[in-house]
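Note that the chains take the letters A, B, C and D in the order they are written out, and that residue 1 is the start of every chain.
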Amino acid sequence: MQGKGLLAGMRITLNRLFGKKITVHYPEEKIPMSPRFRGGELDLAHNKCIACGLCAMACPNQVIELTTRTDEHKKRHLTSYIYHSGRCLYCNYCIEVCPTDAICWDKNYENSRYFRHQLDVDCLAISRGKSPNAVVGTNPDDTDKEEGTT
Amino acid sequence: MSKQMISSELFLRLQAQFSPGVTIIGEHFQQALLVESEELIELLTVLKTDPNYQFNLLSNLTAVDYVEYFEVVYHLYSLPLKQSATIKTRCTNDHASVPSVTAIWPSADFQEREVYDLLGIRFTGHPNLLRILMPDDFPEHPLRKAYQFTPDGEKG
Amino acid sequence: MQEVTGLFMVATMLRNILGKYLPNPQWVDIVITLINIGAIFTVISLSAVILVYAERKVSAYMQMRIGPNRVGPWGILQTVADMIKLMSKEDIMPVGADRWLWILAPVLLFIPSAAVYVVFPFDNQAIFADLNIGIFYFIAVSSQATLPFLMAGWASNSKYALIGGMRTVAQMLSYEIPLVFSILGVVMIVGSMRMSDIVAAQQQVWFIVVQPLAFIIFLIAATAETNRAPFDLVESESELVAGPFTEYSGMRWALFFLAEYANLFAASAIAVTLFLGGWNGPWLPGWLWFLLKTALMIFVFMWLRWTFPRPRVDQLMAFGWKILLPLSLVNVVLTGIGIYTVKYFS
Amino acid sequence: MGPQHPSTHGVLQVVLELDGERVVKAIPQMGYLHRGIEKLAESRTYTQFIPYTDRLDYVSSMGNNLGYCQTIEKLMAISVPERAEYLRVIMTELNRIASHLIFMSSVAIDLGATTGMMFGFRDRERILDLFDMACGARLTYSYIRFGGVREDVPAEFIEATRQFLADFPAMLTEHHTLLSGNEILHHRLKGSGIISGQRAVETGLTGPTLRASGVDYDIRKIEPYGIYDRFSFCVPLGTVGDNWDRYMVRMEEMQQSADIIAQALDQLPPGPVMTKIPKVLKPLPGDVYHRIENPRGELGYYVVSDGSTKPYRIHVRRPSFINLQALNEICQGSLIADVVAILATLDPLMGEVDC
């Protein structure tokens, strides 16, 4: 069988051998993601959030669970905002539908966890800055539900 | 999106040919031919072999559970004449069975097995009517409206 | 008389020291042989470690990746880390496997590939046993390697392994013959099978120039012998998962791995001795030349591996019998005519 | 060949009946990746179902979005602005090239040429970066919405796509020399896994697999959806319908898609990318079936609506699921190595097969 095609193939691999590499040393240098990258977890600016619950309703997979409390002069406050990142489809619906742009992606795509319940992120605590790395250990079922769960 | 639907007079001629069992329902792109399951095979063979129909590709075969009855839908397409048609047939849901069209179009084989697996419609004459997607020992047919499931965290 | 090379002096000096302590000369020979065996094993394990690392680096560079660079500077200790990992891996044996056959297979595979090192002329005098049937010994021992594959295939009681084992037998046998015939060409010119004579005969001109066709046939047949791509049908990932080695893990699998790289080093060493003039070469000492040429040959094997897809079993057989074998016969005839004309004119 | 076999494109089990190495029967067993997307659809609103369509044929999810959105637009007669139509064509064709690059890499790795695979994935990275720039995701985009696309592409996207199109011929020639020109590949793919055109149509094969058997059936040409009638491109056809034809048809299609993108980029008009549609869609009761040309074949959506915000029934006509029917017939009497090659050229995708 004429070896012309074989030799041509070998020529390619040879000059690729000395060619420029395209992989990077991952932990040290990271490939920059685009500004529109939808990844990581939701980070909530709780002062902007008016606890309307639109994001929870818009989400196809019921990933966002928030509970609200209406105080004396009918103003709604957020009491808990749990984001089950394990079930999130990253479809960006919640961010598009939020009237006050309170949530956005934190673009940190290295968020692997050891335990399943660590996937449920309590964005409220984080945004309040109380405990910057508050990974709520509460499993979804035993979160105390106040009235008005949306 | 122009869709060369089968011209209506062809439908009318078909209806005349199989008068009692065939009715035309829907309009414009939703136009379909409702057929009694007895005349189904006969009609489909005509559609495939007759020179002015020549539907040689069974593009899609599916079924819908309208609670009182099941509706099996066939979408046909004719490559030479570049026209498409929709054929529907109904069967009650207690003894849901429809004659199988694998004899006419072998491409119906997997699709009928899938409809049987998910909706429980038996296709008489199908070579090996087994479950295709669900595990073999799955008791029910999940796509039926009666089948509700609430896996954890699912508030659907 | 060849000049006394460094290595030879070391051997004689060692012999005198031992002579003082040990009562009679037999003891000295035994100790020298033991040292040599030890030397061969270190060469094998060292070469395996380096080859594994080199293969991963070369394949990575060819695919524009960077390759292992985590463990140790530029990833040199990567293979050592692999070895330790493999040793600590738990060694599971498939149920229903044929116990003894399964345990013996990797060991039996390693013996022929180690025994082959005996005839390599690393340097002028540095050959373990300069048998007068050197090259013939190489062929006889290397054809032993087929059996352990079949044993592993049969013993691990899995469909993939069995088919892999059958394929090994078919492939190795059908590529043994073209290999032998291509070597025949060289032996006809040299007139003797002693390795050092073959190397000595290549003082002026290397046999690759005299026997280009034989070199190509040898190259192809050797790739098939060592089960390396493009002929790695034995353990082709996409069809047979890993062929005979599917059921092995931990240290046993490492032994298979080691044997494969030992075979690779052996095949390229033989190619160097037969066609590229062993340790002949200006300026540099003999053994360095030998290593450089072997490294070049190994690079060519790796180059083949990372460029070509894998032919089908029946195409492999057809190629082996219908094309390679007649070609090698033609080569033998041509060499015969060549020798005769040379004798006629000189 | 069990579900976790390395070369079955996902979790597919092929029950092989052999004598020696010859294949007597090859029955695909499916369902390992069955997530019941059609059942989920019944408890989601129309817009909420879009991210699920990405997960069907996760390698060309732009095509899935387009198919679903066009079906609903047809049901509710929603019009789409010009610029959005062009962006949709550009995105789906880019996705087709990426999907065919994956096809080529999987053929290469299945036949043993690991380097060929690496090159395929390296070129696909370029396209994924383009998608990342435009819609933020690399694999599951949900970029196409009812009435247009989610947001306009950034300025540098157009220039980066032109740059990609400029480098693309060089990439293709490299793949051709390394893989298609290779004699071993010729022997491996030529003459094996043959299916005649007429038989292919009967078993419901569609897409490049059908065109390889010489049947000219490309929905972009026969029933142009969207604005495909404004682009001139030819539909590559095979002759014998063996593995080699299936391979070459897809390689040529990549070139055709690149031409389409170039034409679309030239004619890209300015303007809005989204028409005004109600927040909550309530289509009139009725059903609709719409088909588009996905890299793996004819992707059809049959949507039945009962007037509420949630679809009553959605059935997806999945090309890989139906193309797999021909596996048993094509594999008759071939060797194990051929079964792997046939599976590679049939290019099934488990997310789509199991739905």
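Assorted remarks:
The criterion applied here is as follows: contacts are C-beta pairs under 8 Å (C-beta built on N, C-alpha and C of every residue); 3 or more make two chains touch, one makes a residue touch a chain.
Keep in mind that this is a model prediction, so the values were computed, not measured.
Note on connectivity: the fewest chain-to-chain touch steps from chain B to chain C number 2. Of all the chains, the one whose CA centre sits at the greatest distance from that of chain D is C. Legend note: the chain whose CA centroid lies nearest the centroid of all displayed protein CA atoms is D. Centre-to-centre separation of chain C and chain D, using mean CA positions: 46 Å. Computed from the mean C-alpha positions, the centre of chain A lies at a distance of 28 Å from the centre of chain D. Centres computed as Cα averages put chain A at a distance of 42 Å from chain B.
For this pair, chain A with chain C, the centres built from the Cα atoms lie 53 Å apart.
In chain B, the positions touching at least two other chains are 154. Those residues of chain C in touch with two or more other chains are numbered 62-65, 306-308. In chain D, the residues that reach two or more other chains under the touch definition are 44, 115, 122, 178-179, 182, 184, 187. On the side of chain D, the complex with chain A involves touching residues 44, 47-52, 115, 122, 125, 129, 132-137, 140, 142, 150, 154, 174, 177-179, 181-184, 186-187.
Remark: chain C residues 58, 61-66, 69, 303-304, 306-308, 319, 323 touch chain A in the complex. Touching chain D in their complex are the following residues of chain B: 1-4, 26, 29-30, 56-60, 62, 64-65, 73, 75, 79, 82, 84, 86, 105-111, 114, 118, 131-135, 142-143, 147, 149, 154, 156.
Only residues 5-7, 21, 108-116, 118-119, 122, 178-179, 182, 184-185, 187-188, 335-338, 340 of chain D touch chain C when the two sit together in their complex.
Contacts from chain C toward chain D in the complex involve residues 59, 62-65, 163, 229-230, 232-233, 236-241, 306-315.
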